[in-house]
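Residue numbering begins at 1 within each chain, and the chains themselves are lettered A, B, C and D in the order written.
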Amino acid sequence: MSEAAKSPSIAFDAMRERAAWWLVAPSVVLIVVLLVIPTLAIIGLSLTDLDLGNPDWNFIGVQNYVDLASDRTFRISIRNTALYVAIVTPVSVTLGLGAAILIEAGTELRGFFRSAYFLPVVSLIVAMATVWQYLMHPTIGPINLLLNLVGLPSVNFLGSSDVVIYGLAIIGIWQATGFAMVLFLAGLSAIDPQLYQAAEIDGAKSWWDRFWLVTWPILAPTTLFVTTLTMINAVKVFETVTTLTQGGPSKSSEVLLWTIYEEGFIYLHLGSASAMAVVFIAVLLVLIIIQTRTLDKRVHYG
Amino acid sequence: MAANSPQLTLSEIKKGYGSNQILKGVSLEIAKGEFIALVGASGCGKSTLLRIIAGLDAADEGEIRIAGRDVSSTRAADRDLAMVFQSYALYPYLTARQNMMVPLAMRRYSLWQRLPFIGGLMPGRKAIAGEIAAKVNEVADGLKIAQLLDRKPAAMSGGQRQRVALGRAIVREPQAFLMDEPLSNLDAALRVHTRTEIVDLHRRLGATTIYVTHDQEEALSMADRVAVMKDGRILQVASPRTIYADPDHIDVAAFIGTPAINLIEVQVDGDGIARIGNVPVISGLQEWRGQRLMIGLRPDHAELNDTGERVGPHVRLPFTLSRLEFLGAEAIAHGTIASGVQIRVRTGSSFAEVSAGRELTLLIAVHHLLVFAPDGTRIRRQFAEARDATQGVPVHV
Amino acid sequence: MRYMLGMITGLALIASPALADTTEITVHYPMPGFFKDVMDKIATEYMHQHPDVKITFASPSATYEDGLQLMLREAGSPEMPDVSFIGLNRLRVLAERNIGVDLKPLIDKDSNFKSEGFSETLLQLARVHDRQVGLAFAASDPIFYYNADLVRKVGGDPDHMPTTWEGVFELAAKIQALGDGTAGMSYRWMGDDWMFSALLFGNGGSMLTADEKKVAFDGPEGLAALKTLDNMVKIGKMPNLSSDAMVQSFTAGKTGMFFWTTGALRSIIKGVGDKFELRTTKIPLLNPEKGHLPTGGNAAVMFTTNPAKQQAVYEFLKFAAGPFGESVVVPGTGYVPTNENAAKDEKYLKTFYDQNPLFRAGRDQIPLMVPWYSFPGNNGVKVTQTMVDDLGQLVEQKITPEEAQKAMAQDVSKLLPR
Amino acid sequence: MSTMISATQDSAGVAVVVRKRPRAARFDELSTTARVLRLVVLFIGAAILLLPYAWMLSTSFKAQSEVFSSGLSLIPQHWAIVANYTKAFTRVPMVQILLNGVFVCLAISTFQILFALPAAYALARLKFRGRDLLFGCIILGLLVPIHAVSIPLYAASRWLNLLNTYAVLIVPFTLSVFAIFQFRQVIKTIPDDLIQAARMDGMSEMAICWRVVLPNAWPAATSFAIFSVVAHWNDVYWPQIVISQNRLATPPLGLLFFRAAEAGDDYGALMAATVAVSAPLVIFFLFAQKAFIEGVTSTGLKG
């Protein structure tokens, strides 16, 4: 209030600042309660050997992390998650982009295709996983019946440790494609149609030339955004694993979130599960930093 | 210009969307090196016509020839035209230099050399790249935008972008330039300045230019010829002077000129004399006996007088001043004439002190009056004869 | 907050008028697919007989493991149910963490306990060291399901099924040869270590040494068990199916022989419908002399610490594990009775087995049943999963039985209390 | 089209050439081949994507014994619609579960917008100490999914006696850093004049936030709400940890309960339940599809 006496502009700023604090206060409180404290807590927990249902616990330093380094399950889990992300992200982003471009290229049935391609995103993945389980059934599932029909051998999508991660990836792609598509639709709709006209006049005659001259570079920020989002979502794969494979067979579908859940809520080891969660956050952090660092410069032209 | 075969010929271009007929048969010949402006209110079809010429839209009927070649079925990319868009349509992710390179790159590199990522490795690309770069530099120097070449559009002002867009068009040396309201996104001062520049540029390059605008001032000041469009038709194509002073149609007269032309409705009596109020103005209109005609009077074709008589073929009308709009060097007098018709007259600024309500006399040189038939067409022949006939008409003071 | 929100949705609980003399007990149970109808029946009858007690059910858990996790998570919180039915091999986890109420003092006070049909054998099933963790409610053993139509098709005799694994494999290979996606056999080895125990115990082996310090399946008994599993794939052509897929494939008529718990009998009968003739018989043993079978199933465990409730819960436990409860659970699922009175009494199950031959296989193996082994220590849960993972490698033919045995021994040793 | 009828027959049977010319191929219009190709490719894609739904619906009509008899037939021989759907709606409190989902999702997205919008406005338009720090926290928050911190949140919920409540389903999600981030992008594009004018009119910053900013951010809020509803309607990780009662189950959890408790291998009934829990979201999306796509467009995805 003494500031108010000094000069009108300072008083003004102070007033604004107070208003600003009122506006952000609820979010700040929530960030602290729901994000900062739990994150610190999980780091703290990761230094203990706390077990669920067991009141005795000890502070054991970085022992959990040391154990993780030699934990076969966790290594498999990281490798599987990376593989899953490496399949799902590029395939669903490419398919989503293709679908968006094809849908926007013509006028017939646009609304139908938009909805059809987005439907998997809004459906309950837990529910659809059950459907996929049947579709991918090694002996009586329709997919294998179709494969047999064209003379191909059956694939045990969810039962064989060699292919289970690909089976899950198929479901992941099925769900993520529509998500990518809808974001690309938004990106496409923001392209000034005059740019295509300019491109035509400039001599870009084939759709191929127009794509590389206009669509692709204009969509670059969208693509970065979609890729990042798809990746983050893919890293968080959990529903299909919990419903269909529970990490099996023989750990071949262990993925990070499932492994954390398993360690914490099935094996009841909260301490080491927390250590895994910390590593999980670190992995995400590194992923995002690498991605924004390498791609950000190249796509922003604002 | 007439000596050359026309650079661009449009014949009977028609275009409609459903029941809405946008172009109702447009024909136009444009000579090589000519600067022609298509002007008209929004919705008149001028932009559609330009897009059809460009090949961005297809005509329903009609024929387009460029340099003698029928391009009606040719796609835009093959018509060898360049276009400057209203929003400039620069590729936002490319620098000015890259933007200007695009039309050349698209035409001169082969498909392989244009491949993304690996195109640069294709044989022969380097040599072509050198030629393209040289051409871009040359054009940029001409437009004085060499210092902008490595900036992206987002880092340029509106005027700078406009120049880069021009540069992108020029670089290719096309058969004709098409410009779609290229100045409408600039502020007023810059617009006037750029106007001159484009005219200079046109003079220097001698390139055929079709310039679409809704701004009559731009059209009059820049073009060799102006085509005034309304409702999907070209009403008149002529030099700016003719369009202003000798319009073929009431709509042309009404559209062109600031302040707008005064249009006064007159009734032709049984003797073929048209009167404003009870002042007979023109005679010899026997053909239109009993009909209502429109008389057009440009504000600068009348004179206000507060002193009285004047000799010569002038019509005198009582004028009651209602308001004076002072513009510095001149003023616009708003007032009513005998019949209660509102009139604007351009006058000297010396009238500044004249107060509202003053009764004045309006002197009109009869040969300046434009007479339009009920269907809007200009009555030319009859009026010329009638001018002599007016000599005998008593002038009411 | 909870009530307020409930009312906002217009779905507030119909709060039961809490009468002063009504005891309300909350009951939780797993595997509702097997137990829901059974539990409903028992609860209804119990409340009928004890009008002063009201039973409410917590949401059932899908599996024994889920149920256990839930109890451990909710231990000490007000969400904890008063009673739950815990898998027999997980009672030890509860006992080691001192969760649940030791029933021994209550039983000692109860003079007519013995006469109600609760034998020492039955009490043993739910005892960890000296602690009576619960009362065995349903017991099961692995049995041999088969599709008589398919057996006949390949020239087998459904009345005389093979009694050795070699015989099973031979028959399975023939059925598999029918083609069209038909599998000869499947053996539900995954999920937990129960079916592996069936092979190991069936050969007279055991999991750990008597002092529980070292693994005991690293000898010849264990190897033979693993080789049998290996041969199911090698000779019997067992496809690598998930647990659900096995059941689906069998009930669809696409699998000749299926080895799983007798507890699934009722739901398999429903799934098969009239698609083919379903039969059951005893499971082959590697060593018919020394062989045993692990006892699956669950025990009712008391969690409430409220003395007023404890008596009501104790009565309920006895009721559920008593003759009436057994007479419901056996026909309703396929489990074998744990209560002696239920099996003997005309009123309950005596005539049931005469009329339902499919249910006899499980009952006939009762003499072979020994407790399902439960591992000690904090990693009790994790250890079984590790074993299953190694078994998976074997079934997928990525490792030999010898390698599997070595890996299992190593992995399990690492997870035993140090 | 017009080219096809360029020569017509007059009544006398003499060919009259109408003055019509072949049209230039427009670059942004597809040729007939391209149009057919587009439809074919899109239809194949749609068929693959919709296959699971076809099977889901078809199975929800089939009797249990028919489901696993092999074959590709989608049409049941014996219809069991009534039996399956009756089971789905009566054996678990399906209506209650669906209402739980609606209530929880609406509450979450309402709170998210309620808290995120003022914060986003302040971050985008006001200067205050700690703004950069707060924004940094938000960026970091984008990275930390609930899954990763579920253990302490679970411990806290348990300690606060919040397990098996609506509150525990809602509170952890009331803050969406994603929403703050998105709204901030949108609010940055609102013309300054609008906000200055509101200040001249004497509005408080809070009032500006709700009466000026919200209407402008509305499309973004809509699309965010859809994303949020989809995410939370689908979430099973957190509910699975904190909810153990049917009464409070969210749709996926209810479905898992149903699968475990009632359906077993009764896929007909299971699929009927699956249809029941999927339908609301699908219908919701089909209605909101247009607004959604417009909303996504407005949220700073433009190039």
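Assume a residue touches a chain if its C-beta (ideal position, glycine included) is under 8 Å from a C-beta of that chain, and two chains touch if they have at least 3 such contacts.
None of these values were measured; they are calculated from a predicted model.
Among the other chains, the CA centroid farthest from that of chain B is the one of C. Of all chains shown, D has the CA centroid lying nearest to the centroid of every protein CA atom. Chain C and chain D have CA centres that are 41 Å apart. Look at where the CA atoms of chain B average out and do the same for chain C: the two points lie 92 Å apart.
Centre to centre, using the average C-alpha position, chain B and chain D are separated by 52 Å.
Listed for chain A are residues 134, 139-140, 200, 205, 218, 220, 265, 301, each touching two or more other chains. Multi-chain contact residues of chain D, defined as those touching 2 or more other chains: 27, 68, 70, 241, 256, 259, 303.
Within chain C, the positions touching two or more other chains are listed as 73, 181, 244, 248-249, 252, 254. By the touch criterion stated above, chain A contacts chain C in their complex at residues 51-54, 133-134, 137-140, 148, 154, 156, 158-162, 245, 248-251, 265-269. Those residues of chain A that touch chain D in the complex are listed here as 13, 16-17, 19-24, 26-28, 30-31, 34-39, 41-42, 45, 95, 99, 102-103, 105-106, 108-109, 111-128, 130-132, 134-135, 139-140, 142, 145-146, 174, 177-178, 182-183, 185-187, 189-191, 193, 196, 200, 205, 210, 218-222, 225, 232, 236, 238-239, 242-243, 257, 260-261, 264-265, 270, 273-274, 277, 280-281, 284-285, 288, 301.
Residues 54-56, 75-78, 81-83, 85-87, 89-94, 102-103, 106-107, 114, 116, 152, 154, 168 of chain B are the ones that touch chain A when the two sit in their complex. Within the complex, the chain D residues that touch chain A are 27-28, 30, 34-35, 38-39, 41-42, 45-46, 48-53, 55-56, 59, 68, 70-72, 114-116, 118-119, 121-123, 126-129, 131, 134, 137-138, 140-145, 147-153, 155-156, 171-172, 174-175, 177, 180, 204-206, 209, 230, 233-234, 236-237, 240-241, 251-252, 255-256, 259, 267, 270-271, 273-274, 277-278, 281-282, 284-286, 289, 292-293, 296-297, 299, 301-303.
For chain A in complex with chain B, the touching residues are 192, 194-195, 197-205, 209, 212-214, 216-218, 220, 301-302.
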